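In what comes next, subunit A is part of two complexes: it sits with subunit B in the first one and with subunit C in the second one.
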Partner chain A sequence: MATLNQHPIRLSILGTPKVGQEVEIRVLIGHPMETGYRLGEGGNDRIPKNIIENIVIKLNQQVLMNADLGTGIAANPLLSIFVEVPKDGGMISVEWRDDLGKQGRAEKMLLAI
Partner chain B sequence: MNILKCFSVLFFIVFSYHLPAQVIRQSGNQFLSPEMLKLQNDPNGNPTVLWIDQGQELWNANCVKCHQEIKELASAVVRYPILKSKLGQASKVWNIEDQIIDCFGKISQESLSTEHQNVLALSIFLSDAAKGMPIHVDEPNIKKDKQLWQEQMIQGAAIYTRRQGRLNLSCTQCHDQNIGKNLRSDIVSPAYLTGFPIYRQSWQTVGSIDRRLRACYSGVQATVPSTQSSELRALELFLKKRSEGMLWDGPSIRR
Partner chain C sequence: MRPNLSRRLLLLHTSWLSMATFFSKDVFSQSNVDSYSQKHLKNLNLKSEGITIEIPPLADTGNSIPMSIQIQPTSSAKVQSFEIIAPENPNQMVLRVTLPNPQKKLKMATRIRLALSQDVWVVAKLDDGTSIAQSANCVVTLNACFDAT
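Then we have the complex of A and B:
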């Protein structure tokens, strides 16, 4: 059986990308976001902490957002930011890393009209 | 053409008075808060899309060899649960997750649980493909199976109306008699089975129909049946038959 990507990611751009206008960039990441406070089946063992520590959204290698997430964020985090569309559009990229060292990234072209 | 239109309107006006008063059956989605409904209908924010993506991946890797048409297989979502007998075993009620587990067993010789990530991903993928199909649970043609099917249906109805647990409540007391009222901060919705598996925010993950029903049992502090037990299947069969003709909502989100 094929092994699944444990942390699927969806990057979407909402709105019409007209130059000078704002579009919404949304990131949805499949991640358990374990706080480390929950107890397991037996009621004794703590479920180990597993939190996304840092997310960076870039437009043409220029940082738009750099967020440090904590234990207060629910599982499968959905983040969104608004960006003004530059003259030639560009490449939107998202990178995240969690405290276990796992990483993920996604890219999408922002085509200006 | 115009005359025909006039006639059909007249026909409708005359005869609609004679239609029996119908119970309007509403899917659980109509009881969501506006914010939740917005999230449900948003393909870029609805968390179930993550599972749909994974399901697509699994489908392409494992299922395409035997099943060519996704639409064809997705129609099973609205037909199940059905009576099925494995070789040398008595007939049992099977739901879609049982079928997926059985298929995975054939491929990789391992038995998965209903809450396994792969099972849920594939179940959600099929459920999404079945969106908009009318639910149609049919009784089997074979005479022997027919009797068993009816027994299961009666058992399901009995469970639905049976008081149980420390709260001494039956399903019907909330899900028929108190629809639309508040239960803690949630609104009680009627028990129609139109969109599973569900993403529940309190679980922070996706769960199968088994998990949802077991949560109901534990909610009234009754003895919780084990997953894939015949009791849960009988109840599911009854609930699905109750939703006969309603349109399938696809994977849904709940609080």
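Then we have the complex of A and C:
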């Protein structure tokens, strides 16, 4: 299905968000992650490099994880981390930036029970 | 004929400058290790306790290999940062994760590309200044990065 969003992002929370227990936060970004080593049609031209360089995952505006990605991360990068649910839950936000300057972000509420 | 000293000096200085920029690779400025070669990582002789790597021993394609890591240091130290290194890849640094608040236990998963069959390394830096490292072998039948698929 065609989408207006060139780089869709999915942020999901897996597991029961009980206070003090761990939940999985999964980030999936639709991005080609071109390494710059692949050849295009006819095998003449190299497809230019275009990778996500940085992903920051925050919980309540506090940085949980700052990830620098190389070309060794597969296309449509998936990052999954396990975090402990804080007492009042919070807002999980993800921001990414690629080497062409494109950016994206997503937010999801983590409701503690 | 009198040699043009200023020109020679200029050439000398610029050659040193270019060599200095060549050797000061930016990737290592933030890294936990000085070199990403397999030999260097083995020679570091870092402790491997506390890191568990889950990676398929045989993968059909190197383009997307699921990998999960658990780091739980046996000492009281906390995890500050870690790197996934694939020494045989054209760009060896696969992922570098920094945790502003060091954690006692870290679990994460991702999907990586491997250019060749190789040992994949995880080098973690702890907040007491020590490092731990673990490697896992993965055989790929179809290589990533070098083909034109």
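Note that the second predicted complex is superposed on the first by the 110 of 113 C-alpha atoms of A that agree within 3 Å, B and C clash if a C-alpha of one lies under 4 Å from a C-alpha of the other, contacts with A are read in each partner's own complex, and residues count from 1 in each chain.
The rule is short, and it goes like this: contacts are C-beta pairs under 8 Å (C-beta built on N, C-alpha and C of every residue); 3 or more make two chains touch, one makes a residue touch a chain.
Fair warning: this is a prediction, and the values are worked out from it, not measured in the lab.
By the document's definition of touching, of the two partners only subunit C reaches A:G43; subunit B does not. In the superposition on chain A, A:A112 contacts neither subunit B nor subunit C. Which of subunit B and subunit C touches more residues of subunit A: that partner is C.
In the superposition on chain A, A:A74 makes contact with both subunit B and subunit C.
Under the contact criterion defined above, the residues of subunit A that touch both subunit B in one complex and subunit C in the other are 74-75, 78. Interface residues of subunit A facing subunit C in the complex, by the touch rule stated above, are 22, 35, 37-39, 43, 62-75, 77-82. Taken in their complex, subunit C has these residues touching subunit A: 30, 63-65, 68, 84, 86, 89-101, 106-114, 144-149. Against subunit B, in their complex, subunit A makes its touches with residues 1-2, 4-5, 8, 10, 12, 14, 26, 28, 30, 32-33, 74-76, 78.
Taken together, the subunit B residues at the contact with subunit A in this complex read 44-45, 47, 49-50, 53-54, 57-58, 61-62, 104, 107-108, 117-118, 121, 201, 204-205.
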